[in-house]
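Order as written gives the chain letters A, B, C, D, E and F; numbering starts at 1 within each chain.
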Amino acid sequence: MQLSARNQLKGKIVSVDKGAVMANIKIEVTEPNTITAVITKESAEKLGLTEGDDVAAIIKSTEVIIGK
Amino acid sequence: MQLSARNQLKGKIVSVDKGAVMANIKIEVTEPNTITAVITKESAEKLGLTEGDDVAAIIKSTEVIIGK
Amino acid sequence: MQLSARNQLKGKIVSVDKGAVMANIKIEVTEPNTITAVITKESAEKLGLTEGDDVAAIIKSTEVIIGK
Amino acid sequence: MQLSARNQLKGKIVSVDKGAVMANIKIEVTEPNTITAVITKESAEKLGLTEGDDVAAIIKSTEVIIGK
Amino acid sequence: MQLSARNQLKGKIVSVDKGAVMANIKIEVTEPNTITAVITKESAEKLGLTEGDDVAAIIKSTEVIIGK
Amino acid sequence: MQLSARNQLKGKIVSVDKGAVMANIKIEVTEPNTITAVITKESAEKLGLTEGDDVAAIIKSTEVIIGK
């Protein structure tokens, strides 16, 4: 099955921490990646985003799905 | 300002594609990373996630925030 | 109150599992549904999505809001 | 590849509407489903959620990933 | 219908900007609010979050649902 | 660091409730705000959203990032 999600970062699990309902999983990424971000045009312009800019891709941990 | 979001991947913008309301930004990640994923304990157990497993961290592009 | 969220699947709760902060709720959907997905045009084209394709709509459980 | 995302609703694409950056895809679900929702314990208690309750699972269309 | 979503900020629409697939809506909030955020315990501890701290609640615009 | 996330509501923490993996944080917003919501054009039209409408901006607590 192919997924529409653009970001699929391959890695190895380094820790698994389970609570009653949720679990916190840490994955060490082992391959270089390109991240796709879709933001408002308004934000792209307010930040003046252009090729070559140094930026950070910020992702809340609850948004990450694990594929195995 | 420090952020609660666990995943902050540093990189360089390689393309900016603007539409009427949204923009698609691609970022080449330039530093190794550890990704934190919070999933249900149920999923962690159904997939049998344990240290050392090869997995993929899957993230939809609309979930990514850019910091510059 | 009408909601902008396109997907509102009617059903019946079959289980409630509470932890300290979060709860896992299972809902048996009782009516047929059409799911709306908004993805990048890039993904739609890479997957070659067209009418009649057999697909799966994949949704992380943390993204679901319950209305009662 | 197995996914940690609990909700995987099988169906058939009924329409594809592409804009400059995003695309709106409608999927007719063809199999009965159980939806898993993770919400705060606080919400589960304020709404008094219990087995047998009639509810709606509400999902914004930008949160849906397509698998094909 | 009551919603499990903890944050429901009342306000008035000040602008509507439509593209081909998406629309950008701005809402002026007219009532004081309390925001509920669910983050990892790990983040709460790394940021040392405690009562009385001055913080910002950061929300990507694609995560907001409108009720009317 | 500037963020692409349009919504950054300033406030003061009023409670911190920690579980095993997740924590529930309440923030009293102390400044007036404008909320940006990106929804489908389809929803904007079905709800007939126009300037001056009284609406609610609905946000699930798992979507909120805290900056300190």
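We adopt the following convention: a contact is a pair of C-beta atoms (placed from the backbone, for glycine too) under 8 Å apart; a residue touches a chain by one contact, two chains touch by 3 or more.
As the structure is a computational prediction, the values presented were derived from the model and not from experiment.
Student: Over half of the interface residue numbers used by both subunit D and subunit F, so same, or under half, so different?
Tutor: same
Student: In terms of residue-numbered contact pairs, which of A-B, A-E or C-F coincides with A-C for over half of them?
Tutor: When the contact pairs of A-C are compared with those in A-B, A-E or C-F, C-F matches.
Student: How many degrees of rotation map subunit C onto its copy subunit F on CA atoms, rounded to the nearest 5?
Tutor: Going from subunit C to subunit F via C-alpha fit gives 120 degrees.
Student: So what's the Cα centroid distance for subunit B and subunit F, whole Å?
Tutor: Going by mean C-alpha positions, subunit B sits 20 Å from subunit F.
Student: Hunt down the residues of subunit A that sit against at least two other chains at once, touch-wise.
Tutor: Only 1-6, 18-24, 36-40, 42-44, 47, 56, 58, 60-63, 65-68 qualify.
Student: Please output the residues of subunit E touching subunit A within their complex, sorted ascending.
Tutor: Where subunit E meets subunit A, its residues are 24, 38-40, 42, 60-62.
Student: Which residues of subunit D touch subunit B in their complex?
Tutor: Of all residues in subunit D, those touching subunit B are 1-6, 19-22, 36, 38, 62-63, 65.
Student: Which positions of subunit B touch subunit D when the two form their complex?
Tutor: Touching subunit D: residues 17-24, 37, 39-40, 42-44, 46-47, 56, 58, 60, 62 of subunit B.
Student: Across the complex, what residues on subunit A touch subunit B?
Tutor: 3-16, 18-29, 32-41, 43-44, 47, 49-68
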